[in-house]
């Protein structure tokens, strides 16, 4: 890219995460000539948007940066002329997430907002909106890069790749967090450690790891088996069985527990729900507290409390990505992109999460290590669910939606799928217009 | 094949199913010049073997067939010089099956003797024995064909293909039963109906069906959705949801219910177990009654009661296969054979169940219809479990066994897998020597 | 199929081969209730058409068959209501073939009417016409089967499969001739010998051969290497080198000589051309003689002289195919059909030539034996040429045509390709309207 | 890698190219702590080795570098303890190359020392020697990286990957030269231009090119078609036809001319041979002149004359690779490495030439752009030849060697292949012991 000034549009600008992004920008002003940040949100989020915009302006002032910060409820204005469009919104807000987490528990199924049936509902709500945004980008900023953080990030990126012309990369903080924690386990600088990632978003494996070029995969795997967990704030850390890991041979991500330790994960969710309500309820309280903080005129930097929200490294991951694209750095990132043949069992146009080289032309996946067949087949099975879900979200076809749910390894039952689908359609009525139309 | 006289060896000759095979032979004497039938079994089965041998002799006499019927406890004598070796034994007998069905129910998992964790235990017991038999065949009858009915037939055939040089075809009565029932649904002669099968044993789909060349797949699918079930004596017939079938687009086999209607199938198993004990217990009673019948000197034909045992069409399926091989008929059969590339997502040497042309040189799979990705990925996932199970059964590696169970879509949990494995190893102690050796 | 009476339409009915088809029909009246044969041709072929029609009527009379024989210049009348449409025409006639064979020789390239650049020109002329015929069939006889003998049969069938909805099977007499000659080499009845074929039309390999179920591949290969050739009237029989065949491991078809013995084949063509003119010229004489024969009122059967024309077994191969479809026989044939995954290196919708089971619903390929990589890569290379040629024939794009020729292993040079293309376009001007339109 | 001091062993140290490597080392002393350079060669090359060693010492002195320069005829001493082993030798010397180039011309076949039958002979001579070297490295320096420049580099690297445990990367200056020339065509800094390479050594395509992230593939292709050639000193620059390139859609490398412009390339070779003798003869003169230069005590740097020898950018390409490995830079290089699935039509363990990320653990290929089928099939065809050639070189099987040659697209004829093979075996007698042993 060659433009000497950059406009960044943030869709869902009123998100409590936005200060992460702003901090990321301000730390890279030597490399990124950002001149405009435009925050946009929907009408219902106007108050939060104003709070975030004001905080952003204070942060920019403190940094003595020459950046115009604006806010608008007109998404098209934000997109017009943008170089990067960052998306981080939640259709239906935390109230919808509450339902996503609660509905599956009624049927003894995992109620997780990305991996379980909750993620399915979230995808149905999110995909039509993100595709509307894509239409705007195609029209108003066809050369812009859309960096998508909106969950379920793999599903959403797949929908964008298949149903729009927008240049996009999907991003998640799980891989970068694993990288950081692994470096910690091995007591080394993260830059000395290279981990090869392959899989899907929230179902990504580390297939090999090298410290200064030496293979340390088995060492890391042993540490994980010994209880040194990859700790994500939002995944319960049921320990891994060392014999299982030894047979597995590759390193699972925290979310693999949902597939391999289903009973324990479900039991914990059910207990936690009984005691503290859904995780959405807990987040609502955290958010309220954060916004009380954000409103303080004295605050002019990202507060430490934000990190406890679970979004560690998002700031670095996303702005380093902007840096790699803008400055054609050919740096390695773990991103959600088109498969392009590196996982042979998936279609070439399926979106995968893997190590990739990122330059101005976008992200190119690296060849993956050979995947054990039991890894490959789990990826293929979950990708089947994802492809059906994207089809259902776009078409509004209820039968496809039913098949999608029944295909999910954590649902596995038509009657449960029917009940889940019925509840999801009724309780998300306003946010699933594609299904009413039929 | 050109030999003018045929010797058939039946391993597990004392099985209550043997009269099925004998009837099949006697009905085809115009095409199959069988001159010797040798029944063999283990010491513990000697009494049953004698009963069956006597009944066989009466059946042969009645048919005025010129066949020498012999019995032996020396398996090698039976195999020596055989043209066809039929295997239909049960390591550990029905007592082992009782455990196979009971253990999983302790952990709220499907306790089915082929598809569930029960089938896993059965495979661990059976595979070493079948490979011992293969060693004998390689030495004593290297040109013989082994037709394998021993369950889990897909897993056992995979083990044979990978770990021996014996020419083998695995056989199951599910496809032929589906063919018969579908013809009944459509009110036509079975020969007018062509159904294309693809998948794995007990996980086989009908991908298309033609009546006199006209595609009737959707018609059949609709009938199945309307409650006209494929009725197998040994699978509970939870009805299929028509919307689900419509989205699925291909016709499932009765055993698919375990994967798509897991909760209902488990609930029924649990209730049935509470009320009547395991299915093995019920079968014990049926078997006892059958053997009382078989002992009657007046009985000189296959009794009708045998059909209620659940083995419908085994006789025709297996002896028609013998006919196709011996007479080089190039007839279509649905069999378990090496994939050879027709299911692209599986290794070429994986054993699949599919439509095949059978002649004197063996079975050649037909190209399958394109499989929907959600069918393909379920096949791939279950095949992963199967490959790991064969590895574990041959190596006696407990970690591999743990991974195999944790990979099974109906187990899906490491802790449950550990408990299942521990119980299986303890309660099958005498029949799993490969695991004690380590 | 269930209709009690059959109409067969023959497009290119004035062909000297037509008596082959008629004989085939008359030999199968017990199995095929043919009630109408309609012969059609273009205006320029009217005289020949009348001669053939009259001969056909005499043959039918002699057989005392109850078949109405008609002739028409209106192709649509012939197609209307047909059950089978047989295509065997030559756009541009033998005059065009003369050019096809002569042009490549100018540039020291093989001038063969199917395999070489000659086949390319023939494909460009033929494909638009055959697709026009398909449009008629789609409209007037949508359930009819089109059996295509028109060369280059693989290319033409590929065009039909990709650009029409017509049910079609492409047919060539090379595989059946190889089967017959191999049986002769082994001194056995053809029915005892099973040969597995895989490849492309005129580039088909026998990957294994079984006599009564016993593998005789190496025996056959040795005989071919010892000079017992697969003799096709229209391919020069340069002997195969036995060391080469031994390394190859599979049995080549006669046309493989063009790829593996290019220099000798070209030299023979050049010499033959100098001495006797092109093969087309020779065929013209044979044809003239045949039609003189056909005109004799006393002739009421296929004359022996026709067999020397090079079309041995066409009659049996094509009518046996009709029999398999009409009577749902599930018999094995070697045909040109959609790959459907059995040759993994080719697209699923590429047309291949291989062993297949044929019933009323059409032809289903058999799984092929594993192909050695050097066989696979030659198939892939020639298929690239074929796909480009179909694209060029349909689009009339000259650049695509140039790339197609330059991709052909027997052209291998852009400048030669340009010269060939220029000559072909100029000398086939009237028959290549798709290229003038641009 | 973490060692603080580096030993570089140069096998074939007496090569006239060695000053390239030395210059590359001396230019990177800030990044590469080289403390020892050991040059080794065979007895016959002792005089040249001494000249090169002396020149190297003068170059090191001039650079005031703290590097011990040694020479030895004992290869094992050079390898012992090396961190990098660079191979650049020529079995049989230029005299053998003369034969490689002359023999094919006798049969009107391209006589090129890498691509044609000449490269085949060179591979047969080189592979056994390089595998001997690998045995030494496995024993004496198992952690060393072998960077292989020895031609035919793709074939040699394939042999190493398949028949040894040595960590290796194969290197060629064609891709880096294309990168430099393309930057020149576009009048930009090379670093702004990203070209994606995929294919085989000397058969590599640029599938896409980006200038500052913008796709300039068609612009470049047009320039190549307009006559702005990729100029390699050792490939005759027959211009490309613009219509052909337009249809091709991807950018060929200079050596593609042998496949697509065979007649012109052969004609030029034949004329050049008549007028000036083989290229080997010309190189002999250049070499003699170079060594006269190298002997001058006053020379203490790489002389300009060396660049005209045809090895442009070898120095940078190879030492930048050392830098990327030693310093874990994750930089992009175009190298010869294991396919690992990025070219789906080739085996995973085939060696390809492609863009890759290089760090301390080695080279990981990038996902390739989708390859047009006509590109893919040419790659597959040439790779078949390469795999057969490696098999023949290792086994000494003459039938395999015959099949290899007959499979080469530039030979295409068994009789020619037999003649070529016979001449090669006779005229390389001393250097092909693997074939005499049988």
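We call the chains A, B, C and D, going by the order they appear; numbering starts again at 1 in every chain.
The definition used in the following text is that a contact is a pair of C-beta atoms (placed from the backbone, for glycine too) under 8 Å apart; a residue touches a chain by one contact, two chains touch by 3 or more.
Labels paired with UniProt names: A, B, C, D = 6-phospho-beta-glucosidase.
This structure is a prediction, so every number in the text was calculated from the model and none was measured.
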Least step count from chain B to chain D, where 1 means the two chains touch: 2
Farthest chain relative to chain A (centres taken as mean CA coordinates): C
Length of the line joining the C-alpha centres of chain B and chain C, rounded to whole Å: 44
Centre-of-Cα separation between chain C and chain A, whole angstrom: 56
Junction residues of chain B - those touching two or more other chains: none
Pairwise chain contacts under the document criterion: A-B, A-D, B-C, C-D
For the chain A and chain B complex, residues of the former touching the latter: 240-241, 243-244, 246-248, 259-264, 345, 347, 373-374, 376-378, 380-381, 383-385, 387-388, 398-400, 402-403, 406-407, 409, 412-418
Touch list for chain B against partner chain C, complex: 1-2, 192, 194, 196, 208, 210, 212-215, 325, 328, 330-332, 339-342, 344, 348, 357, 359-362, 364-370
